[in-house]
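Each of the next two complexes has subunit A plus one other chain: subunit B in the first, subunit C in the second.
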Partner chain A sequence: MFEARLIQGSVLKKMIDAIKDIVTDINLDCSSTGISVQAMDSGHVCLVLIELGSDGFEPYRCDRNITLGLGLKALSVVVRCANNDDSITIKAQEGTDNINFVFESPNGEKTSQFEIKLMDIDSEHLGIPDTEYDSVVKMPSHEFQRICRDMSQLGDSIVVACTKDGIQFSASGDMGSGKINLRQSSLVDKEEDQINIELNDPVHLTFALRYLNYFTKATPLSPTVTLSLKAESPLCVTYPIGDFGSMKFFLAPKIDDEDTAAATQE
Partner chain B sequence: MASVGKQTKLNFTATRPRPVIKKEAPSFHRPITTDQTKTVEQVEAELNILRQFDLNLKYGPCLGMSRLERWERAQRFGLSPPVEVRNIVMSNHGNTLYSECLWFGERGLV
Partner chain C sequence: MHACSISQPLPSCQKTTPTPCNEIEMRVLTWNVNGLKAVVKNRQTNLKDFLDSLSADIICLQEVKTTKDQIEENIAIAEGYTSYFSFCKTRQGYSGVATFCRTTVTPVAVEEGITGSCHVGLKDSIGFPVLDLNDEETEQLNNEGRGLLTEHLQENGRGLVIINVYCPRVDPDNPDRLPYKIHFLSVLHERTKRLQAGGKDVLICGDFNCVLDIIDSAAMEDMPTFTKEPKTKELLLSFISKTPPITNEVLLDTYRYLHPTERGSYTCWCTATGSRQLNYGQRIDYILASRGLAESVVSSNVLQDEMGSDHCPVVTQFSISLMPSPTLSHLCSSFYSKFAGKQSKLSSFFSVSPIKRSNSGPVKESSSKKLCTLKEKEAAPVSLSRSRDVKTLSSGSKLSTDWQKVFKAPPKAPLCSGHKEPAVLRVVKKPGPNHNRKFYVCGRPDGSKHDPNASCNFFKWCK
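Entry: the complex of A and B
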C-alpha cells in the first residue's frame, strides 16, 4: 500500500508541467524515504531527476518499495484538474493496475478523485556520479529564465562562461549577438535575490537553448536556481522544492566538431 | 562568435536494470513476441548474426552498452545497421543472451 499526501498540491502541478514536454512517461520509485523519478528524453540529451523526501508529505506510507509507471499525458490531464490550493493525495495498492489521485480543497468542501492506469515502463536506472563541479552559480530563477528566453531570440545555442569576473551568457545568430554578465552579489535584502558564484576552475560550455527553455518551466517551483558546470560534462540545473526535495535537469553540452568524435566514443 | 558545435548525448551508465512490477494493464511497451518453438539451428543462426554485429567495427565499440543501444546509436549516426539485428533482439526481449554483447558478464570487461 502506498499513500502520500502533499498539502501544497501546486508543487506536483508545477513539476508535471515542467517535464511534460521533455519525457512521455515516468517511473515513480517509491520507498520509505520518499519518491524519486529519473527520466531521460528520447534523444538521450537531457535527464530529469526528481527527489521528494517523505517528510514533505503528510501522511506518507510506503509498505514496500513500489515502482509506479505513469504516462505524462494522462498524468498532466488529471493533475490539471486540481486547484492550486488543493492538497493532492496519491494512492496505489500493490497488485492493482491503477493509481489514485484525490484532490481536496482547503476548506474540505470539494473533493475530486481520479484514477489512471499504471504502465509497464521498462527503463534502466542510470548512475549519476557525484561530481566536483568547476563552477556552481546560484541565482534568482526568474533571472535565469529571462536570460534563456532573451538569448533564444538571437540563436539556438547559449555559451556559458565562468571566470573570476562572473558568469557570462552569450548567443549569436543571423540577426546579431548578445552577452549578459552576472557578477557575485555584494549585499542583498533578500537571500533569494542573491547571485552567488563559486569558482574552482574557469569553465566554458555551449548548450542548446531549446532544452534550457524547457527546464525553466520549473521556475515556479523555486525562487532560486543553481547551475553546476564542469568542462565536458552535462550541466546540472537544480530547482529546490521546499525543504524536502529537488528537481534537477542534466543537459549534455554541445561540443566543437573536432572534439565530437572523441567525446562520443566514451 | 565561435562555431556552435554538435550536440552530445548524456553518458551516464546504467546500473542494474530496475526490477519492474509487471502489470496486466494495457502496456504501451509490449515487446514483439514470437513463437518460442525454435530449433537449435535457428537459435544459433540468430545469435551468430548478433555476434557479427558485435564484432563489426563499423558500428563502434560494443562494450558498455546493450545491442539495442549500439544499434540505435549506429542508426542515429546514419550507419544503416542491419534491421534484422534489431528484430532479433526485440523478439527475444528480456533475454540477455540476445540483448547484450558477446562479452557481457565477462569480469573486467563490461
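Entry: the complex of A and C
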C-alpha cells in the first residue's frame, strides 16, 4: 500500500509541466523516506532528478519500496484536472495495475478521482557522483529564465563564465552576439532577489540553450534557482521545492570540437 | 578492398558497417519525409537512431521543411554522419533537401543548387556547371531548396556525384508551375550530362513528382489513357531508361531495371483519401544511375513499411566502394555558427548504476494498450444502439417533438451503393458555383475500381 497526500497540489502540477517536454515516461521510486524520480531525455544529454521527502506529505505511507511507471501524457492530462488549491493524494494498491489520484478542494466539498494505468518502463538508472563544484550561483529564478530566453534569440548555445567579477552569460549567432553580466548583490530587501556567487575556481562552459529553456519551465516552482558549475562536467540547475524537496536538472556541456575549431579558423 | 581499410580509418567505421570486409557495398536511400522534425518526433526517437534505422550509407531526404534560422541541432547533426542542407530561401517551412552521409563516405565536395553556378571558383566545387542561364533563372532554380549535390571519391579514383532533388510539383490549381518544372528537369538533365562528360559517375535520388509508366500509378492502371502532365512525362522518358544506358544522355531507373514488371511498388499516396491503406498510390521517387554505375546495381527496394510521411523510402545498393574525405566541406551543418561546439552525452560523466527496480506494476505497456483497443471496439456499437434507444423512447411524447424542433439531429447519412455503409459528409472546397455545398461520398479509402474494399463511386448532394 502506498499513499501520499500533498496539501499543495499545485506543486505537482508545476513539476509535471516542467518535465513533460523533456521525457515521455517516468518511474516514481517510492520508499519510506519519500518519492524520487530520475529520467533522461532520449538524446541522453540531460537528466531530471526529483526528490521529495516524506515530510512534505500528510499523511505518507509506504509499506515497502515500490516503483510506479507512468506515462507523462496521461499524468499531465489528469493533473491538469486539479484546481490549484486542491490537495492531491496519490494511492497505489499492491497487486493492481492502476495508480489513483484524488483531488480535494480546501473546503472538502469537491473531490475528484482519477485512475491511470501503470506502465512497465525500462530506464537506465545513472549514478550521479557527489561533485564539488567550482562555482555555485544562486539567483532569482525568473532572472535565469529571462536570460535563457533572451540569449536563445541570438544563438543555440550559451557560454557561462564565472569569475571573481561575477557570472557572465553570452551567446552569438549569424545575427550578432550578446552578453549579460551579473554581480554578487550587496544590499537587497528580499533574500530571494539576491544573487549569491560562491567561487572556488573560475569556470567557462558552453551549453545548448534548447535544454536550458526546458529547465526554466520549472521557474514557477521556486523563487530562486541554483546553478552549480564545474569545468568539463555537467551543469546542475536546482529548483528547491518548499523545504522538503528539490527538482534538479543535469545538462552535459558542449565541448569544442577540434574539427570544427580547425575549420572555422581556416 | 573495403572502405574501412583505406587511408584514415575512423573509429566509427567498424561499428557502422557490419558486413564482412570482402563484400563491397554502398546503400543509397531517398525519402521525401514531409517534415524532418515531425518524422523524428513522431517516431519518438532521436536523429541518429532514426538514420541508423534506415541503414543506408547515404540518405537523401526531401521536403525537410525547415530553414537555416529555425533548424535545431537535434535534427541537423547526428553522430556517425556528416550532414548537408539546402533550404528554401523564399518561403518558410517549405521544400528543402538534406543529405546525410555516414562518416565512412564523407563527401569531398558539396554544392547547393542543381546548376552549380553559385560555386564557380570556390575551391571545393564539383564543377561542370550549367552556365548558359540568366541570373534570374539560376536564382529561381537554386533558391527553393530543391537540389543538393555531394561528390564522393570511388576507390577506382572516379568521382561519384549524388544529386538529391525535390522536383517541383504542379498543383492542378496552379498550372503556372509547369514551365518551371520542365525547366528544372531539363537543367538537371543538362548538368548530369556535363558531369559525365567531365568523367564523373552520377546518381540522382529524389522525388520527381511524375509517373513514368502505367504500372507505376494505380490510377493509370484503372484508366490507362489518363496521363497527368504529359509534357513532364515525355521529358523524363527521354532520359530515364529501364535498361542499362549506352550513352551519357540516359540514366537508369535502378528499381525498374531490377523489377521490370513488379506492380504496386508505389512510393507516394494521397493522405486525404487514405489511399495508402489499400496501396492505391504512385511511384514517383527514383534512384537514377548513370552509365558508369549500371553494372554495379545490386538490389533496389521500395520500403513501404516505413511510415511517417506521405511517401516511403526507396533504397538501392551498389557494389562500389567509396573513400571518406579527410576534410569536411564548408557546407557541413556542423559548421553552422549556431552549432559551434559539440554536444557531449551525460553517459560520459555519469555511470550506469545497477539499481534494480523494487517492484513495478504487473501490467506491461503492451497489454494495457490491448485493453484500450478492446474497449474502444466495444464502445462503438454500444453508443449507436443507445442513441437509437433515445429516439424510440422520445418519439411518442409531445415534449420531445418540441425539443426536436429546437435541436435538429443531423440527417442520417445515406448508405453508399457499394457497401451499404453510412456515407461520409464532405464539403466542396474548390472555388466555383458549388463552393461550400455539402455532399456524401463512400467512407472507404480510395483504391482500385476493381477492389471491393475500396471506396465505391457513391455520390449524393446533401439537401
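Annotations for the structure displayed:
Everything that follows uses one rule, which is that the second predicted complex is superposed on the first by the 258 of 266 C-alpha atoms of A that agree within 3 Å, B and C clash if a C-alpha of one lies under 4 Å from a C-alpha of the other, contacts with A are read in each partner's own complex, and residues count from 1 in each chain.
The working rule: a residue touches a chain if its C-beta (ideal position, glycine included) is under 8 Å from a C-beta of that chain, and two chains touch if they have at least 3 such contacts.
A quick note: this is a predicted structure, and the numbers were derived from the prediction, not measured.
Because the two structures share subunit A, they can be overlaid on it, and in that overlay subunit B clashes with subunit C. After overlaying the two complexes on the shared chain, residue contacts for A:42 are found with subunit C alone; subunit B is out of touch.
Of the two partner chains, subunit C is the only one that A:64 touches; subunit B does not reach it.
Within the superposed three-chain model, A:170 lies in touch with subunit B and out of touch with subunit C [touch as defined at top]. In the superposed model, A:256 lies in contact with both subunit B and subunit C.
Once both structures are laid onto chain A, the subunit C stretch out of 183-191, 291-299, 363-371 or 399-407 that overlaps subunit B is 363-371. The contact surfaces that subunit B and subunit C form on subunit A in the two complexes overlap at residues 27, 29, 40, 43-47, 66-67, 69, 94, 97, 117-121, 124-129, 155-157, 172, 206, 208, 234, 250, 252-257, 259-260, 263-264.
Touching subunit B in their complex are the following residues of subunit A: 25, 27, 29, 40, 43-47, 66-67, 69, 71, 94, 97-98, 117-129, 155-157, 159, 170, 172, 177, 206, 208, 234, 250, 252-257, 259-260, 263-266. If you check the complex, the residues on subunit C that touch subunit A are 44-46, 68-69, 72-74, 328, 330, 334-335, 337-353, 355, 357-365, 368, 371. Of all residues in subunit B, those touching subunit A in their complex are 1-29, 60-61. Listed in rising order, the residues of subunit A touching subunit C in the complex are 24, 27, 29, 31, 40, 42-47, 64-69, 94-97, 117-121, 124-129, 155-157, 172-174, 206, 208, 210, 233-234, 250, 252-257, 259-260, 263-264.
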